[in-house]
Amino acid sequence: MVSSYLGIGILFVIAIIIVPFTMVLGKLFRPQKFEISKLEPFECGIEVKDVPQGKTSVHFYIVALVFLVFDVETVFLFPWAVAFDKLGLFGFFEVGIFLLLLIAAYIYAYLKGALKWEE
Amino acid sequence: MMSYVYDLMKTPFVLALIKIVILLVVAFTVIAYITLVERRLLGFFQSRLGPNRVGPLGLIQPIADGVKLFIKEDTVPIHSNSLLFRIAPIFTFFPSLVGFGVLTFALPWITPASKMHLFALADVDLGVLLVLSLSSLGIFGLMLGGYASGSKYPYFGGLRACSQMLSYEVPLTLSIITVVMMANSFRLSDIVTAQQTHRLYFFIPLIISFVIYLICMIAETNRTPFDLPEGESEIIGFHTEYSGMRFGFYYVGEYTNVVFLSMLAPALFLGGYDIPFVNDIALWQVYPQLISILGFCSYAIKSVLFAYFYIWVRATFPRYRYDQLLKIGWLVLLPISLVNLFIVAGIKLFLLK
Amino acid sequence: MASIIILTAILIAIFSIFVVSLKHPISSAISLLVGFILLGIFYLLYEAEFVAAVQVLVYAGGIMVLYIMGIMFSDNEWIKITRQTHIQAPIAIILILIFFAFFGHKLYNSDYPSLSSKSSQQVTVVQTVKKPSNLPYPKMETNPRSVAVKLYSDYLYPFEVASVLLTVAVLGGIFLAKKEV
Amino acid sequence: MGRIKDINGSGYPEWIGLTKLDIILDYCRRNSLWPMTFGLACCAIEMICAMCSRFDLSRFGSEVMRPSPRQSDVMIIAGTVTLKMAPMVRRLYDEMPYPKWVIAMGNCAVHGGPFDDYAVLQGAGRILPVDIYISGCPPRPEALLYALMKLQEKIRNPKVVNEPHFIGPDYSKPTKGWMAKGEEIPEVVEEYLKQGRGVDSSQILE
Amino acid sequence: MNNERPSYLREIFETKEIELNMGPQHPATHGVYRAILTLDGERIVGLNSVIGYLHRGIEKWAEYRTYKQATPIFDRLDYLSAVINCHGYVGAVEKLLGVEIPKKAEYIRVICDELQRLASHLIWLGTHALDIGAMSVLFYAIREREAVVDLLEAQLGQRLLNNAYPIGGVRFDFPKGWVEVCRKFLKVFKGKIDDYEELLTGNRIWRQRTIGVGYISREDAIAWGLSGPTLRASNVFFDVRKSIPYSAYPDFDFEIPLGQNGDVYDRYLCRIKEMRQSVRIIEQALDGMPEGELKAKVSPIIRPPVGEAYFTVEGSKGQLGFYIISDGKEKPYRVHIKSPSFINLQGLDVMSRHQLIADMVALIGSIDIVLGEVDR
């Protein structure tokens, strides 16, 4: 029923609006003084020359990649879990095959060193 | 005039608004005071007093902190991506706040006129799934905040936050899936009802899931021992460049997550608003109001236990290192939770039939 | 209800245009993220609850993370000197407008279920009960359950093929990412 | 009217003239002074002691040590400021958002202490507008607590807002060369300005 | 298949190294030490130390004062162990003068030194644990340190920078009841060390964070000239109290704890064991306290004969040496300090190779640098 989401919808909108609303309201009370030295990025008091961009190892990326696969996998597991009493043994084996294939992928990723972080 | 107001009260929109106002007031009070409770408790753990000067027992301390942050200057650094910098705190804040909407706090309230009011904002069918899908958005707050600052420490904080929250989301989801499997519903009230009818709290059959949930709960909220994104003594944190109320929203967002996850945990594993050792539903037929209130208290106490667990862990443990954290997430928790899935399926299929 | 649906649809269109028109890749990515969330809301309004949750979980919470990480890793200074629009853009815009006009006309004249039927639904939050029933919350057949039964009976083969696809995704991803490291 | 605007010379919006609101805001401000984790030398140890069990700065709500200047309200200069460190101290002070306060802890931060030589800045007051000076080498943790209370008093009391406050031996008037609020910055910061950083804000606006 | 990427794409995807400043204002650098880290991801590939942010010219300062006037400035060297610093300088001057110190004064000095070592190690323990994330240990450690500091204050008159000893002995005997309080404290303190160990030593996270991190081999440790617990953790037996005995240390029976692996965990264990040994020394000294004079006869104006003297003590960070050249006048011609922190800091380069940022934090904590001593 869509109607039951009414409260959630309103809460969603309020929760998003709270942050900008508070910041705009706070503008009436908070001091604001433009000083160029204040806006320098903080790096332990040292003057900063370069901005970090595109300089990081690709390892973080692999984490996201493997995560995505397992994220999609959980999406398939949700309907299975919620209808477990109906699907019974058949569903159990079905998902068993599904998961075994994924576990194979997991083992491959492990053997390839994608899940090793200590070099 | 009064009848007009009364009529207005009956429309679902206004009813929902009233519920939201109550929910937000209570939620923000709890979130504000959990910061004080944490500081006082840490004080007691560390043989000191904690804030006690501002008002009686330091009760005005959270308000003072909040107002202070509110009237503090707001800086947007030069190298930052200004728009992104401004909108990033929204993402850490709203998923958990919306999550409060799907929690059911007690058995339905019966008015003298025999009307039934749900003790929840919206007890939707999607329940846990909605919570999970929204909390998957929480990562953007840290990630974008770190990236948009245009400074190195936040950049590292953002990267760490990213891989940490991704790594622990899968085990968390898998552990919740086992609960869904037992209850055959995403709805939180159904999950609690299943525990009430079985007369068995799920943390007994799902002990592995419960432990995984406890670990992932701490990791998802970036708290000690998994507080790498804001490891103050290493990289100063993804919110290094944030000041004033924007920082305040990160601060509040963290505690919102803490409160929310420690309110979700009892519903999933400890029977939620069920009063232990009592047949709730039978009693509810007789004394509906009393059981509703007692159930709410029971729920509150269970949630406080989890919140206490958070603070206790914070006072005790050192911090993990980045690679160890990922190792635990991917090489320990993920395989265990996958195997656990089969175990629970087997239990459900062959033992509980 | 119809007005909310139309509003959402318009917002989705606007953010989709932002995705292709904004200059900085991170702005495009954020527009895409908002678009995905709005699409989730759109599905929800059409009572496809499960799909809505999955939309947010996978697209907004999963794939967008990947995109934004990609942008964070790459040096996007070069974007600023690259042209955003192709020389054929005006022609493309005219063609798209013709396309939309054509399909709008077709849809308008067809007997596709109108949006107004949605608004007739009564919204009920307060239930009236004589006496508390046996269970406080009546058990009902929910959307995800029906999706599940369909998925695991009628669409069994696509489901199993999906697992093969996911495995291939892992292999491919690791192959691509590991090669240059 | 003028009062709330004057705190730290930080440019509050002018329309706020509500005195009662001032009282509430100041109450909150002075009861939530978050110090910056910033130890320079010997006095830092006494600062740690003041944070810990026996003296417990947290009673005043000040145990939230923020490592980033962006989130801190009060800078406790605990120790010797050398000439090499002075630009960093100044930059950190600059990076703090308004309203901000400075406590100079220990003789070295007050006037150079025993080190009247080529390497040491003769008092943090030469580069920063210091609000509270604590003498002692090092001052006891109690002195820091007292300084914090004095700072709270200063935030509350409009009369002392623009005057440096001394604790310990009674310096009746600040020596020449101390920096008052709104005054021009003396030699070290001039050097620091010459390096091309911290350009005068008025130039940027024009 | 062509593996070559187009040139503009290679530029985009190339992982570059990032330069990160850690310090001077950083909670983990224990003062104003600045490390310029070159990072690949989170891994350190290069370290460039910048010191001098606390250079106060202490050596030069001492050359412009008389021998007596110069005493208090050495407290500011390693402000965590002011008493031991003072012992080192006073010892060097006494060596220059050729004065024999009364036995009782030596015993009092040893007791105060060891108490100071406890205080220093407690601060180290607290801040090191805080860096790794265990926040409670700091508060427990400082709680006990307050007791130590109280004892020192009762004896020497100040909490932190107590100009502890005059040249030629000590100023006062212990005040009334001091010995009993001290004994009581030591009794309690032994249990407290067990408490710290309970929180940290067996803790899985602590072990994971410290074992195998910041390794330095025995040979490297000797080659880099490390000293103190940092050296002993690499299984090198060198402690000035045993190797070059001074003061009353030969009278006491104590062990020098040695580590096996030279990693952060071993350094931690070494210091914890050292605290137990310090307690042992103090107990023995309190038991065997001799009667006698407090101070040797030293003329009010000190004019040592022309010559030079080098005197080392075991500071809480390592071997602390004072080298004084006298030209026969009231002021020393030259005072040079061999400061352990400065030399231990050099080993950081070796230890930090291919570690993560988080390890770097643990490492700086484990070698226990004090910037006052590094920069002087």
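So that you can tell them apart, the chains are marked A, B, C, D and E in the order they are listed, and the count of residues begins at 1 in each.
Operating definition for what follows: contacts are C-beta pairs under 8 Å (C-beta built on N, C-alpha and C of every residue); 3 or more make two chains touch, one makes a residue touch a chain.
On a predicted model such as this, the values are computed, not experimentally measured, just so you know.
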| item | value |
| --- | --- |
| Other chains in touch with both subunit D and subunit E | A, B |
| Most extensive contact between chains (C-beta pair count) | A-B |
| Reference subunit A; chain at largest CA-centroid distance | E |
| Most distant chain from subunit B by Cα centroid | E |
| Approximate Å spacing (C-alpha centroids) for the pair subunit B, subunit C | 26 |
| Subunit B-subunit D separation of Cα centroids, rounded to whole Å | 38 |
| Approximate Å spacing (C-alpha centroids) for the pair subunit A, subunit B | 16 |
| Whole-Å gap separating subunit A and subunit E, where each centre is the average of the chain's CA atoms | 45 |
| In subunit B, residues with contacts to at least two other chains | 12, 16, 46-48, 71-75, 87, 123-125, 129-130, 136, 152-153, 159, 162, 166, 169, 184-186, 232-233, 236, 240-241, 244, 322-323 |
| Two or more partner chains touched - positions in subunit A | 1, 3-7, 29-33, 36, 38, 40, 42-46, 52, 54-60, 64, 66-67, 71, 78, 82-83, 99, 106 |
| Multi-chain contact residues (two or more partners), subunit D | 10, 25, 37, 52-54, 67-68, 70, 88, 92, 95, 97-99 |
| Subunit E residues touching subunit A - in the complex, by the definition given at the top | 12, 15-26, 34, 40-41, 43, 354 |
| Subunit E to subunit B touching residues, read off their complex | 18, 20, 26-28, 42, 129-136, 139-140, 143, 199-200, 203, 205-206, 208-209, 356-359, 361 |
| Interface residues, subunit D side, partner subunit E - complex | 36-42, 44-46, 48-49, 52-54, 65, 67, 79-80, 82, 84-85, 88, 92, 114-115, 117-120, 137-138, 140 |
| Contacting residues of subunit B [partner subunit D, same complex] | 39, 43, 46-54, 58, 60-61, 63-68, 71-75, 232-233, 236-237, 239-244, 247 |
| Partner subunit A, residues of subunit B touching it in the complex | 12-13, 16-17, 19-20, 23-24, 70-80, 86-87, 89-90, 93-94, 97-98, 100-102, 121-125, 129-130, 136, 149-153, 155, 159, 162-163, 166-167, 169-170, 173-174, 177-178, 180-181, 184-186, 236, 240-241, 244-246, 249, 322-323, 326-327, 330-331, 334-335, 338, 341-342, 345, 348-349 |
